[in-house]
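Next, two complexes with chain A in common: one pairs it with chain B, the other with chain C.
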Partner chain A sequence: MGLFKAFKHTKNSAKKGQKQEQLVEPPDIPTFPVSFDMNKNRRYIKETLYYTEDLVEKSLRTELPGTCHLFYIETMSDTDKLNSYLYQKLRDIDSEVKLERMLQDMDSAKMVHLSDAVSELLSGKSILLLEGKGHCYILSTNSVVKRDIGEPDNEQVIRGSHSGFIENIGVNIQLIRNLISHPTLQVNYTTLGELSQTKTAMMYMEGRADPEVVDEIQRRLKKIKVDQLLNNGVLEEYLEDNIYSLFPQFISTERADRAALNLLDGRILILTDGDPTVLVLPVTFFSFFQSTDDYNSRWAAGNFFRLIRVISFLLAVTLPGIYIAIISFHFEIIPFGMTYVIKDAVEHIPYPPLVEAMIMELTLELIREAGIRLPTPIGQTIGIVGGLVIGDAVVNAGFISSIMIIVVALTAISSFVVPVHEMSMAMRLLRYPIMIMASMLGFLGIVFCLSLYLIHLCKLTSIGQPFFYPFAPLNAKGLLNRFIRLPHTVYVENSPKKKGKGQSQKS
Partner chain B sequence: MKRLIPLSLAILLLLSGCWDSRQLRDITIAKSAALDLLDDGIYQSTISSPVPRKYQAEERTLVVSGTGHTIREARMALDGKVSEQIDTAKLRILVLGEPLARKNIFPPLDIMYRDPRSSLGAKIAVFDGVGSNLIHMKLTDKPRTSEFVAELLETAESNTIVDDINVQLICPIMMDPGEDMILPYIGVDEEDNPRLIGNALFNGDTMTGSLSVEDSTLLLLMKGKLGSATFLTEKVHQEEEEDDKDNYITLRIRDTAASTEVTVNHASDEVTANVKLTMKVEAIEYPHNELTEKENIAKLNTSLEEQFTAEAGEIFKTLQESNCDALGIGRRVLVHHPDFWDTHKWNELYPEITIEPEIKVEIVDHGIIN
Partner chain C sequence: MNVKMKISHPQLFFFIVQTQIGVGILSLSFSVHEEAGWDGWMSVFLGGIGIQLIILLLYALSSRYPEHILFHAMELIAGRLTGRLITTAYTIYFITVAILVLVIYKNIILTWLFPATPGWVIQLLLIISAWYLSREKLHIIVRFYVFVSALFLLVVGVLLFALGDLNPLYIFPIGHHGIGPILKGVMAAMQAMLGFSVFMFIFPYIEYKKKRDVLKTATFANLFTTAFYGITVLITMMFFSPPELKLVPQPLLYMLKTFSTPVIDRLDLIFLAMWIVSVTTSLMTYVYLASLSGAHLLKGVKRKKLTLWTSGAIFFIAMGPTNNLTISKFAEGVDYFSIVMVIVIPLLLYLLSLIRGKPSSKGGQQHETTHSS
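What follows is the complex of A and B.
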């Protein structure tokens, strides 16, 4: 472990230096109170925005003395709204009381500092400046560009809700609230990112979520200092207990029902504006193998598929290693009938099994990576070229044994079974150390490597909660609740360490 | 220092890795092997290994022999004849030539027990002749001798003709002074095709006689073994019918209970073994077809019992002549009468003891014809 510790130490010190640098960096906009001089105000707004060309200024006249000045960014504002609400109504105004009331009706806010108003302007609102007044009004005229709520491509289910999150945080929260209409559902907003000023929300259910975890997440969120926060991945790394671990410690999902189920389970969601994925935390290792399908299909089938997923994890991680170990160390374990078939296949391979396996695994990763980037019609070509041409030709040419192709294919399929993408990436990485160890020590090497993984899993935490939960610490009732999918009518009382953590039965 | 330890561990692992790997592609896998003793006291080891298809269009088997003063030397001589390294870890069948078996088989088998990689699950059989002849045989129905012999033995096991044994399982019996082993005995028929001809009887690690296929079944039944498809055919009518084939009955053994009781008379130094066998049988072929009547069944039962008891007596005579204690009577003497065992030499005493068979037959079923 000393080696790892040494690594950690150097990394930590590097991080500290970076943090200090950030603290000095971007200076806040100095406060500027609304001046009684209209021209000063106008110049201030324009100068703050560096005379950007999509800033529109309009002078409006009412029955009242003095001109009103309206500022808005045309690309961010809904001109229809301005037209129907503001321009038409302003015409009839003849007293200040009426103006005040009209603005109140219009979801506006009074502001004394123009500097604050400018930052609101950037989010699409309009500023209404009145001559001779020490304050201004903010009108919510922002137009929102929204995508339709569709089923996320990367998390499809057969039966159940097909609604997925979109890039708008308000809509996402609405989707969750639609599924859980309970007063205990809490939303806490935080704005993160010095430049991007991204709105993030933390959602949890009071009484179900562990208050310690909630506090811990809030503490960690406060500590985050980043320039831009455009997606959840950044947030994830800041929140993780161990960022050097290969295992993902949070689930990210685009499915509203999945997020809601996790909320009911006492977990906490973190939503970021502009990112359709939602972080679920804290999670356990086995949460990655659960799909909402399990709870929607019959319980026996649900259990079977869950078992398949766990087996697929083991297959994806160990199968190439097992192949290497058998071919180079322990061919005794091949059954009688298969010995010659396998010997036949590997007879002419010009290099060691490790190289053979590495070539094929890397080819597979190449095909996969290329497939993601390409548009669907060309993607199919890649499938044909990669799957048929390479797979068949490489065997015929005698570079790779046909058994290796079977192993790679099985491994590839297994690694895509897991419902959460992050875990499938982890699985693909975890296989390489096993392959190397298998080529050096055979099965012994695989066992060494798996032991290391197991030790790491047992030690890993997600926001302070044990990651490998029903197994380490071992909890029989937890196993029944989390590992096995019981029929919904059967309820096993979990013996929780703390009150309020017991409701882990998803329903 | 703290960094040096993990670093050296990593280097240890990385630099020493894969030195003991045995690549499957660099190894010739022996599937069947024969051990022989040549006339001049030299061991001969013969192995056969199927040749991978890519070299040859037709299924082909590589058969090579090597000679030496020990089996290891013979194996080394073999290695010199084969391009790749020979590995016996997947050995399926080990054939012992009769000349070797008649001498003693433990010395050549010794290497099998010492080498951790040798295939202890291989079937073992004695061949009537020089063992390498069996390996060299070209078979019509199976391309590989190893498969032919292994499957022959497996079928014989389910028919209770040979015991379910392998290289590992014979070892304790071979070492046991109170029990002797019997090994499958393979010979050739008129057309030079291999066939099972019974069991080879051993005294210690030396072959001393043989038993026919029919007798083998009864002996194994008395040992308490029963395979899934065991049949016995017996002549039950003495010349009553004109057509001789009507005199026979074929039985399928459903269930057996075997026990051996040994009494020792200390005064007269006499050992008497009482071998009891109760069989529940099913008459599956009986042209007389009078099995619905109880008297007939009772008559058949007694007739069968007499026949079997007489046959068992013959078997014991053969066993005693070969000094092969296949039933493990000596072991019972050793356990129940240790002082008697200590004062006598069982090997010399065994041919003289009395073995009394007592066989009970009960026909419990006669098929669906009523």
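What follows is the complex of A and C.
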């Protein structure tokens, strides 16, 4: 058996190694200096790109001796640009100095290694090869496809900026820089993904962001080894402190103003090319309950809404559990006046409360899951079928008590209140252990579950920073700054530098 | 030792208070009433004063060796073998107290909430959450303690509810029972106040500017607990008449049971369920301390691993005592054991260290403190 195992193991690892090698190979172009022989160069370019059919080669003639060869990928380049800049200008070139100057005026770069030039070619630039020269030129002729800047659908606000991020990293950085034009705003680029070669940027404000955290993120980014990195979700899991936690440890946002506000708060953004969501880190538990609306509306109202959101979290997590606990164990706590009302509703239900609640909760999740990806007109049908038909019929049929319907509806509504989607997903999952424990041990089970969650929150960190911050470790000033939304004119002294010091004392 | 891992004074305060306040408060008035009648509240306050004296002693002992955890200091004071024996005794002591807490609360829950549920289920709940937190480092444990201290407001709320129905005449004449029973009451009150000594075991993990600040914090914690208990006992004694009080083993819960609101009836059930958090904090402390001292004894064993073993041991031993008589005998035994462990041994150690003179603070021994926290 052991032998077999060993054999299997080696076989496995061999296979793995092979596969990895295969995956790594294509982007790993061996260096190839520009050869004086034009034909060699041409063959090299074509062979590295495996004679792809959208590679275009053009030979251009100038007054100078020898032909120039221009390579570009048709689908990635802007032919208008080539036309107006290159072809027209090339016509009146008669000396090498002029050619050089012209290329300098255009956005071009000189390259000695053709292998480097090829990887630039893949990002939409074109290569200009000159006969009998040991170098080539890279012309930036890339055409950029981008969507218009619009308001993100899942993070709408009533008052405030309506611009959201798009799939282009350059535009996204521009949006943020438009909001914060301060020299301390820094951008660090990294390329991640062996195959996809995705550009990611880390943005932070020097002096505001905790340098320890910046270093830590850089260290973690360096450690990432993935083949493809097409969205932030992958990055998130690589950066997280605890991937087994149900709680999201970073916020992802599509709103430029929200990202900018977080930057000013000393947080760090991670942008990925091709993904309109931006990761904000490190965050605390209560950042998930804040919306930019809070800062735009009147402060009393802002506080009220925040409170509502926190209450909604508690409701969404515990309400079905409380129902189950009361119906199955603690009937005594229903006050006298309500006893008969509840008794009438519950008495003839054939199922135990847990099954009843599970059926309804799962139905609700089904409706929600079905509704998310459907086009709006069909989505409405789902709403009617799910809400009216199932909700009403199930009570009339006597399977589920009407109180259960109220409870489920309330939990559903409360789980939509939280402004960040990831947290509401966590809320949906956190509910089930509580329901099960409540059916076994009533209130005791609920409290047990909640205290486990709380312990977990106390343990959890986001890039080494305590996740449950203003509450655990408790910090009164932090509470005023983070949890309560004070009027903007009131300022509580808690600058990042001091905060760092305070944290080391408190934590 | 990393500065970040150290705990601040407010955190120390709540660490002590949360360890002290737990299951004891539910039956405190009953147990002091048994000994000292309606003068029981005086016992509580006297107990507070007595404890303050003990705190002074413990502080004097532990502040002589501020860089070492006490278990290591013992070896320095009393020699290697004796020190290890004492540490073993402390480990057993912590485990015993944890078992007592577990058994008592299990019994209360069984009588009040779930008469048909097997006791081990409730024990398992309590011990799992205790294990889950106590395996973490101290600075994380105290974060949780500080947060759940909000639960004390529940008790305050209960007491406020009762304010309308008080009859001050129940505690008159003051001092009727004489000094003897009141002192006996002090013993009963001490049982609920155990845990004031925790600061001496975690001395090197406390961040302080002056050593004296630790004493101050411990004093404040004692002041708080004494006042908290004293007021609770006073109010329950004015709420129930003396003959009534003889019949109610958990006066606080019975008091709560009489209140009714239009939205929720039987507040006692909700209170009891929520109070398990405060009880588990006491349990957590003892599991933590037991694993801390255990890790000191067994070199090379990680404290984190040891919490699992101690929790398991506590869980299984706690299944033993089920009838009330055994439990009260057990509780009595723990009382005497506590007196030995928090008064007699520290006193002896202190005297011994005085005789031996100033401790030589060797840098080479320093690593002892860092390997487990």
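We take it that the second predicted complex is superposed on the first by the 467 of 507 C-alpha atoms of A that agree within 3 Å, B and C clash if a C-alpha of one lies under 4 Å from a C-alpha of the other, contacts with A are read in each partner's own complex, and residues count from 1 in each chain.
Operating definition for what follows: a residue touches a chain if its C-beta (ideal position, glycine included) is under 8 Å from a C-beta of that chain, and two chains touch if they have at least 3 such contacts.
Predicted model only: the values in this text are computed from it and were never measured.
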Applying the document's definition of touch, where does A:E347 land relative to chain B and chain C: first, second, both, or neither?
first
Considering only the touch criterion stated at the top, classify A:S439 as touching first (chain B), second (chain C), both, or neither.
first
Look at A:I327 in the shared chain and tell me whether it touches chain B only, chain C only, both, or neither; answer first, second, both or neither.
first
A:F336 contacts which: chain B (first), chain C (second), both, neither?
both
Chain A residues touched by both chain B and chain C?
329, 332, 334, 336, 441-442
In the complex, go through chain A and note every residue touching chain B.
1-3, 6, 326-329, 331-332, 334, 336, 339-340, 342-344, 346-349, 352-353, 439-442
Residue ranges of chain C touching chain A (in the complex, touch as defined)
3-4, 8, 10-11, 109, 113-114, 117, 121-122, 125, 128-129, 132-133, 136, 139-140, 143-144, 146-148, 207, 260-266, 269-270, 273-274, 276-277, 280
Considering only the defined contacts, which chain A positions touch chain C in the complex?
329-330, 332-337, 441-448, 451-452, 454-455, 458-459, 466, 468, 471-474, 503-507
Chain A partner contacts - residues on chain B that touch it in the complex
2-3, 5-7, 10, 13-14, 17-18, 20-25, 27, 29, 31, 50, 52-54, 89-90, 92, 117, 119
